[in-house]
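Next, two complexes with chain A in common: one pairs it with chain B, the other with chain C.
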Partner chain A sequence: MTKRLADALFGSVYYLFLASFIGFSAIPVVVAIVLSFDARSFIGPFPPTAFSLQWYEKFLADDYYYQGLATSLLVSAIATVASTVLGALAALGLDRAGFRGRKVLQAILLSPLVVPNVVLGFGILMFASRLGIIDGMPRLIMGHVLITFPYVMRTTAASLVGIRSSYYEAALSLGARPWKALLQITLPLARTGIVAGAIFAFVTSFDDVGISLFLSDAFTFTLPVAILAQMRANLDLTIAALSVIFILATILIIVLLDRLAGLDAAVGRGVYGR
Partner chain B sequence: MKRPGLTASMLWPALIVILPLLFGPLLVLLHESLKPHIAGRVGGDATSALTLENYALLAGPEYAQYFLDTFRIGLISTVLALMLGYPMAHFIVRRASPIMRRILIASLIGTLFLSLIVRIYAISMTFGSLGPLAGFSRLLGIAPTSPSVAELMVVLGLLNTTMPLVALTLIGTIQNINPRLEDAALSLGAPHWKTFVQITLAMSVPGILSAGIIGYAFCISNLVVPMLVGRGFVLFVSNLIYFRFSEVANFPSGAALSIVMMVISLGIFYGLLHLVRTQWQEAGK
Partner chain C sequence: MAVLDLQHIRKSFGSFTAVDDVTFEVNKGEIVALLGPSGCGKTTTLRMIAGFERPDSGRIFIGGADMELRPPYERNVGLVFQDYALFPHMTVAENIAFGMKNRGTPKNEIAPRTLEVLQQVQLPGVENRRPHALSGGQQQRVALARALVTRPDIMLLDEPLSNLDAKLRLQLRREIRTILASFECTSIIVTHDQEEAMGLADRIVLMNRGRIEQIDTPARLYQSPKTLFAADFIGHANWIHGTLSKAAGDAGIVATPVGDVRVTMRQGSPEQGPVTLCIRPERLAITDGTVEPATRMQAIAESVDIVGADVRLWSRLKDGTLVQSLDKNIGRAMPQPGSEVMLGFGPDDCVVLPASDAA
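Entry: the complex of A and B
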């Protein structure tokens, strides 16, 4: 019966690892949610003894976070629109391109994903100052376009793999002008990839800290930079309340991603998919 | 029926915007890293001849520790992420019901989408000295006051991102293994653990290595996790670069560190990934 014993042992290790995965991921989120309702005015031992909304009131009254949120929304919106247009066009262009060096160009355009964000942030800071750009806003937009562009290009390229170019060519042979065939045939078919890429771009831009830390200035800073500064100054539970808002926003975005592009489009079903 | 004109015109916007944004900063960094640094000045001295001094200084033993810490802690986090992420990916592909699969995939993407700062804050409140899981470090035999606790927190912080990242990547790998091979082994009397190890796991090796490389590249370039939970005991190379900018204001040295870090990251990512893909090409097909 060693076979049954070994299998039982295997099963328990398998589920222990699975449980650890879920525990490490979920417990901190639950703890942050519970702490955000803590009625104590200091950080005390867990769990809280009484509950209140004081931390929510405190951060709602804080102009500092609003300022960060306004900057973040503006930067992320501009970066998302720019990256989506540039990334989708580049993916379409590369997909139809037959020239030599196509692979190299693709790797170069995707490389902001691999170059550490700190390096890009530091580099853009010095590049901008040599160009005479010393304001936070244009610098942040430059950086955010650079780091979000590859996401759109990658998801659009992935969605184009499934589209046979014969559709496009059929439209051409039926007399459609190339731009019209592209607009009415290829673009609608690549829609899920472009939408998924735009959502990834927005989230990446909104959550970024690595490059924003370098590119923010005293008056223009993003929300994560504001939170980071606050966390290093004094660790209170205002940030727990903010975390809950972030968690709700993330759930909303996931639902949006599922509705607009489908979660399976982001992961794929594979050759033997059920 | 290629239309080179149209194709080229679609590529131009990206080339005009992205290439200068990518290469401009990298060339400026390279140039700055070759300038001599004068104490008390932020930027390098533009009038003197270019020098490799900033790089030579990095070769000293005091810097080796930062590089070693970065690579070692990154490796620990990646291996743990693979250990925990593989069963998760396997469960999603082979055992979960369609509804469970959707919920788990949504949670994995949701974890990655949730702000890293928020997740690190939640981890420090959970595993910190007043948190409900403060005893976790003692469970591993680490005294709550020792510097190793900072290291544990950094590993937990990195793990929080690498686990879902690795699991999502591995879903693709496991999905493409024919389930009939496993069924055949089981019906021939092989135990479950042996089927799992000798068929599923063995056939996933290239995917596991690729996922590991992606996770590792994320770990070693991280700035925020050591900054927030490293308590000054654990500093990555990224943190050194940030110090050169924010506190010491030695831009030439920061630029040299950036160039070194970039070369290492690109080398690990493209070099190792290429190696995995060429080594296992036959086996994967």
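Entry: the complex of A and C
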């Protein structure tokens, strides 16, 4: 009897914990969405008394944000392309390598995932100034490649594990040189991992504050940095409107990712014969 | 003329010797099976012929050319993988065209040759399908077509039938033979299945622990195995240990715990000393008294297995050895378990092998 009671107690505590966690992560989002429609011209107590689209209008009228958005898109796009190429190649190389120290090299290449962005940002700032790079754009791209590269490498490596070596060997035995076999057989088969990595890379780069804060300058800054600066200067609810746009963009990308991953799970069995 | 010539090939992985001094030749148009249990070195040998592994020592010649420094893509070898390895992101036609493109077949020949080879493997009309939309047997034939279309010097087939069910296997065995014969293609088939080797190959290279045990035609390998391993691996066998002494002419007498056995001495078999007799189950008959076999052994029947076309009788000899005899399942009454039976065989029904602890 006491055992059953304990089970029931454990169950309710578990669900309570789960519910409070969901609430905890959802409340800020809800508050931001609701406040973005606030009709008041100041930040008042939570439930707004009237609603309007004034913050969206203000956001759309502000050049400062546009500049940030343009920089963000440019940096993220270049960083994503560069990381995708480099990350996929690194994963391929490590997958095929038999040399000693492979694990160590892999750990070094993945280390930006665990090193705090602030440390990386500061490091790149110092490094870039030693190299004489004082422009914001190349610095930002350097930093963003560094933090997004491990994602592509990770996801590509994961999909390479599922590709049997006989595909590559079959290509060789059919007269394909190694680079051709990799390009025409192995890479297309790893494509879901590479694309997923590219999406992760783009999202990470687009959302980044930590490293961008160090690497931006007065004329080149990313959107998150612009938001942060604006928040310090004059705190108003344009940020809430911006957050909603950010949330929508993120949801879009997550849905895209899920469609892609879901597609892989459904078709993967037949395609890869796993 | 030998299309493939392996000379004293050796390969180790760490302290494990996978292939140990393997030497054999394959002649033009011949189908040779590399047969043996898993870990016997047959797959490693195949991978060395294909160029995926390099031998530690020894030489490989294909079409008279030394393969020492040639990577896989510079060897004219057709490979059919155990899992077929059809490229899943390409259609059947693209799979088949892949090798031709890489080997420099003129562009205008690729499409007609693709269709032609699909005809030859009896799979017309699948060129625009994806491999996973085909059955296992069809994938197998596409894999064959993809390898054959580049007209390789030699075809290598790695366990070609192991992924198929039993009935299909039998049917595809015949088809593979026909297809390979129609291309007059020199082939090597790696298999652990002795039936597959016997059904497909002109000659069998029997391997064990990295070494070649025997190279022979399927019939000779079954009828005159040279080692205990060969006798044991191919088909079933009954074993009787004894001591051989020479009698008149080519006759010999083996003294065994179940009585003296008259045997015929063959070339290459031992002259005297401890031996093991190998008697195939179908040669060990229940004697009904009408014919008088050279050797008769009393036994107690233990059980009867009906295996489709055959009936297998397990019985125990006086010294406790369990033996099996195989008879056609044609409705003859079989002894009851526990009853006494008389088993018999002639001097030519057993193979005399040097005794060893290998089997």
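Some notes on this structure:
Operating definition for what follows: the second predicted complex is superposed on the first by the 260 of 274 C-alpha atoms of A that agree within 3 Å, B and C clash if a C-alpha of one lies under 4 Å from a C-alpha of the other, contacts with A are read in each partner's own complex, and residues count from 1 in each chain.
Keep in mind that, in the parts below, contacts are C-beta pairs under 8 Å (C-beta built on N, C-alpha and C of every residue); 3 or more make two chains touch, one makes a residue touch a chain.
This structure is a prediction, so every number in the text was calculated from the model and none was measured.
By the touch criterion stated above, A:I185 is placed in contact with chain C alone, chain B being left untouched.
By the touch criterion stated above, A:S41 is placed in contact with neither chain B nor chain C. Residue contacts after overlaying the shared chain place A:D7 against chain B, while chain C stays out of touching range.
Judged by the number of chain A residues each one touches, B leads among chain B and chain C. Of the two partner chains placed by the overlay, only chain B lies in contact with A:L89; chain C stays clear of it. When the shared chain is aligned, chain C comes close enough to touch A:A171, but chain B does not.
Of the two partner chains placed around the shared chain by superposition, chain B is the only one that A:V119 touches, whereas chain C remains out of contact.
Residues 169, 172-173, 178, 270-273 of chain A lie at the contact with chain B in one complex and at the contact with chain C in the other.
Across the complex, chain A is touched by residues 1-4, 6-11, 13-15, 17-19, 21-22, 24-26, 28-29, 32, 83-88, 91, 93, 98, 102, 105-107, 109-111, 113-119, 121-127, 130-133, 156, 159-160, 163-164, 167-168, 171-172, 175-179, 191-193, 196, 217, 220-221, 223-224, 227-228, 238, 241-242, 245, 251, 254-255, 258-259, 261-262, 265-266, 269-270 of chain B. Against chain A, the residues of chain C that register as touching in their complex are 50-52, 71-73, 75, 77-79, 81-83, 85, 87-89, 98-99, 102-103, 132, 146-147, 150.
Taken together, the chain A residues at the contact with chain B in this complex read 3, 6-7, 9-11, 14, 17-18, 20-21, 24-25, 27-29, 31-32, 35, 43-47, 82, 85-87, 89-90, 92-94, 96-99, 105, 107-109, 111-112, 114-120, 122-127, 130, 142, 145-146, 149, 153, 169, 172-173, 178-179, 182, 203, 206-207, 209-210, 213-214, 224, 227-228, 231-232, 235, 239-240, 242-243, 246-247, 250-251, 253-254, 257-258, 263-264, 266-274.
Across the complex, chain C is touched by residues 164, 166-167, 169-178, 180-181, 184-185, 188-189, 270-273 of chain A.
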